[in-house]
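Below, each structure is written out as structure tokens.
Two complexes are shown next, each including chain A; its partner changes from chain B in the first to chain C in the second.
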Partner chain A sequence: MMRYIRLHKIFIKQDLKKLMEYKVDFLLGAVGFLLEQAAQILCLGIIFAGIPALCYTVDGVVVDSWGFNEVLFIYGFSLIPKGIDHLFFDNLWGLGYWIVDKGDFDKYLTRPINSWFYVLCEKFCVDALGEIIIGIVLIIYSTLSMPAQVADAINWWRVLPVLAVMPFAILIFTSIKTATAAISFWTKRSGHITHMCYMTNEFAKYPTKIYNTFIKTAITFVLPFALTAYYPAIYILRGESVWSLPVTVLVSLALFGISQLIWYRGISSYESAGS
Partner chain B sequence: MENKEIMIKVKDLRKEFRKAVKEPGLKGSFKALFNPKYDIVKAVDGISFEVPKGEIIGFIGPNGAGKSTVIKMLTGILTPTSGECCIDGKIPTENRKEYVKEIGVVFGQRTQLWWDLALRETYMVLKEIYEIPEDAYKERMAFLNEVLELDDFITSPVRTLSLGQRMRADIAASLLHNPKVLFLDEPTIGLDVVVKDNIRKAIKKISEESGTTVILTTHDLEDIELLCKRIVMIDKGKKVFDGELSELRRRYGQMRELKFELKNPDDFEKLSYKKDFSFADDDLSIDRTGGTVNVRFNSDVVTVEKMLSYTLSKVHVKDINVKDADIEEIIRRLYLGGGETDETADSHL
Partner chain C sequence: MKRLIRIYKPFTRAGLLEMVTYRVNFLFFLLGEIMRCFVMFFVWKAVFDSSDSSTLYGFTYDNMVVYLFITFLCGYITYSDGSYAVGKEILDGSIAMRMIKPVDFDMCFLFQELGGKILQLLIVFAPITIGVETYRWIANGAFMMNVPMFFLFILSLLLAYGINFFFNVIYGFLAFYLKNLWGTGIIKNVIMDFLSGATVPLAFMGSFGKALGYLPFASLSYTPVMIYMGMYSPLEIIFYMSLQLVWLVVFIVSSKLVLSSAMKRLVVHGG
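Coming up: the complex of A and B.
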């Protein structure tokens, strides 16, 4: 394990060095990402300018509602586990899009280290720092501008268990990427499948309660992005959904197991490429 | 029978690829989507051989013969469809991590090094990966530096290396951990004569000094002549020859080359070897540039003596000589004729 961390460190150093070399490239990437996020947040702002709060109603009775600041908080929180996974384990995207297709996966199989770790540790995606920073800024901003009764509900001690579970939330992203990237061992390319799964992540940035049972179940247990965003965020805000913390651990471990199984099955079906 | 320790044992190895066949056009795409059809490509079709420890063995064969596929199975990259391969008592795809510690792999066509890493750092990473102790690493580096002359570009990132430099770098990388077996898939592809020569010398030296067993594939027969005592020829996934180079010469070496210069170039019309001796297409080929004529023929069909006297009786020549066809010619004929499997060819073992 230490060996993998040392290896990862070497590559991180390398990618940072490269960053210095290609500053313009990085800046353009960062600006693009900022614009994208700004557009989404603006949308949220516009929607909330017309309504006081996002409400969940049953038979016309308001059961639950979330103010703009709370939704912003959830949104900001959702960027953090996603960003951390993106920062360290981005190489899996390449696997599904071109590495397997071009036969470049060969080299991961000829070294005496775990092929999955090797793929993971080879790349450090500095762009993701933007995601994490925006997440933190949104969390801070939304907390500072909250109405008093919402802010009073927050108990900052609840951050500790959430932080403890954070690695498992990250593991959810990594496992989903692993499983979908590994499909390329059979199909050559599977990046679009990973991409599709990531689209459902958009649902998870909003209160899960507003969705029907199908979507709710899907984003809680199947592609459990809600466990990385809404649930932990609302737990910090209101102390709701404590159950989601142990569930996150269990679900992420199960997903991880499945993804590893697919990975190793996939490797024995890997066909390399001609030449 | 030589009584040497066997390093590599391959038995009836097969690999099939499924290739989706698609009819052209949009309609074809739709058909392929709903009712995909597959062609089975038998890339490796029942190959068996053994390699004793310390030997350098060369794989040759035309494009698409299945050489790289065999190497990929031996190195654990591809899982065989059926059959066995066993290297130093280990099966590549079982416990891959342990297995690859003992082998080195170089693919001439693509580097396995990290594009942006300086070469020196690359080797540091490999040291980490293979858990090579400091002293062993230093000693090994010094040795590789000497035979492959890495010093000139050791601080450059891999992406800036020339093809020849990169190949040397890749070979050094594959040898850092002192593997028992080295697999080289086209290690001299695209290199100039000097670099080729360097690399051959290095491979030879490494094999001699470390007792490394080497399997290499190549299209350059000079590689074979300078490095390998033994060759395995593959065609269409099957082994068509396995033995020493001299054996190949002896068996297929009936080709002779008759070369002469005509006093009067127009005399060429008078010569009709094909008709007068009824040669088959395979057994005769004629090149002519001006007055210089080059006739390659099978001396089993017509003796050298008959060819000579026929030629001299028909035309006046300035100069004439006969020589053995070179190995290249033999192989060309084998590739063209190819196909039939040669089970009796295991004369070496």
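Coming up: the complex of A and C.
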């Protein structure tokens, strides 16, 4: 274990050196990501300008509603586990898009360390810092500008259990990427499948209650992105859905197990694309 | 004309074959992208439920659903990879091979891309329009599609594709100067998505949105979508479609200018 931590540090150092070499590329990429988020938030602002709060209604009766600040808080929170996974484990995207396809995967099998770990830590994606920073800024901004009765409902002690569950939320992202990237061991390319699964994450950025039962179940248990965003965020805000915290641990561990199974099955049937 | 078709037919064929090879990838990509539409489908539903009136800025919920999916369709049909293809060839030097052949540089890309579009049209166009019309039919209890408008929509879509293609060719040539296509590409796409009304209808932005309507970005998707939805009066249709035509000409001319100035700067090492 210690050896792996030490190796990871070396890999990160290498990537930082690479980064210093291509400063402009990094800067433009970071500005791009920033603008992308800014545009989405601006859109939220425009949408909310016309309504007092986002309501969930059943037969015309308002069951639940979220103010603009609460939606911003949820949105900001959703960026953090995603950003941390992006920061450390971005290389799985490459695996599905080109590493296996070009025959470059052989390299990982010839080194005396765990192949999955090697793929994971080879790239340190600093661009993701933009995502994390925006997430934090949104959370701070939205709590500062909240109306008093919303702000009073927040109990900051609830942040502690959420932080404790955070590694498992990150594990959900990593496991889904691992499982879908591993499909490329059979098909040579699977980046588009990863992309498809990843897009369901968009659903998690908004209050889960507004969706129909099918989508709600899918994003809570199958591709459980809601567990990384809406549920923990609303738990901090209002103390609702405490059940989601232990469920996050269980579901993420199950997903991790499945992803590892697919990974090792995939490696044993892997044939190099070779050239 | 006949000569033109004879020369560029192989490029179209190549584009089509390439698309056929990667059809599964394309399908998964499409499924992922359309997810965003469904997210907004539910978000808008909640927004309209929260509002006291049944219309927001002249849009009903059904309008909004049509807007979402037809905008997505427009984005897909008018999408152009030209900038990336041109830029990549400039950066790795393979552009030299194209320059020594007796074909027009941008025409090669255009026809190659059109080849790929044939398959995309079959996969994307029919299902989405049929889906949207079925939705409108169920929601309103009547068949809403206006056939002459539909043809105008297709015409407007073609103009939009032309504008986007030449805009992207210009951007691709900027690779000579920028030496970076990935980061600037993200920036370009974000700005275009926002200014073209792809994320939120321009009508929601008040007078600022009205001003945006005159920019080339609105010609990319807002104009065809509005025509499809029948939200423009005949006079407005004439005005906005002529505007599209003007922008198309502007971009074709400036892409030729950028091409000739960039060629003077081109240095290819080896190859």
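For the reader, a short list of remarks on this structure follows.
What we mean here is this: the second predicted complex is superposed on the first by the 275 of 275 C-alpha atoms of A that agree within 3 Å, B and C clash if a C-alpha of one lies under 4 Å from a C-alpha of the other, contacts with A are read in each partner's own complex, and residues count from 1 in each chain.
Here is the rule we use: contacts are C-beta pairs under 8 Å (C-beta built on N, C-alpha and C of every residue); 3 or more make two chains touch, one makes a residue touch a chain.
Just so you know, these numbers come straight off a predicted model, no measurement behind them.
In the three-chain model built by superposing on chain A, chain B and chain C fit together without any clash.
When the two structures are aligned on the shared chain, A:Ile183 is found in touch with neither chain B nor chain C.
In the superposition on chain A, A:His192 makes contact with chain C only, while chain B stays out of contact range.
Annotation for chain A, partner touching more residues between chain B and chain C: C. In the overlay built on the shared chain, the residue A:Leu255 is in contact with neither chain B nor chain C. Once the two complexes are laid over each other on the shared chain, residue contacts for A:Glu271 go to chain B alone; chain C is not touched. In the superposition on chain A, contact of A:Gly32 is made with chain C only, not with chain B. When both complexes are overlaid on chain A, the residue A:Thr110 reaches chain B alone and has no touch with chain C. By the touch criterion stated above, A:Glu122 is placed in contact with chain B alone, chain C being left untouched. When the two structures are aligned on their common chain, the gap between the nearest CA atoms of chain B and chain C comes to 5 Å. On chain A, the surface touched by chain B in one complex and the surface touched by chain C in the other have no residue in common. Interface residues of chain B facing chain A in the complex, by the touch rule stated above, are 17, 64, 68, 72, 75-79, 93, 96-98, 100-101, 103, 105, 107, 109-110, 112, 114, 116-117, 121, 124-125, 128-131. The touching residues of chain A, when paired with chain C in their complex, are 24-33, 35-36, 39-40, 42-43, 46-47, 50-57, 65, 189, 191-193, 195-200, 202-203, 205-207, 210-212, 215. Note for the complex: chain C touches chain A at residues 24-26, 28-29, 31-33, 35-36, 38-39, 42-43, 45-47, 49-51, 56-57, 180, 182-187, 190-191, 193-194, 199-200, 204-205. Per the touch definition, chain A reaches chain B in the complex via residues 3, 6-7, 10-11, 14, 18, 103-104, 106-107, 109-115, 122, 268-272, 274-275.
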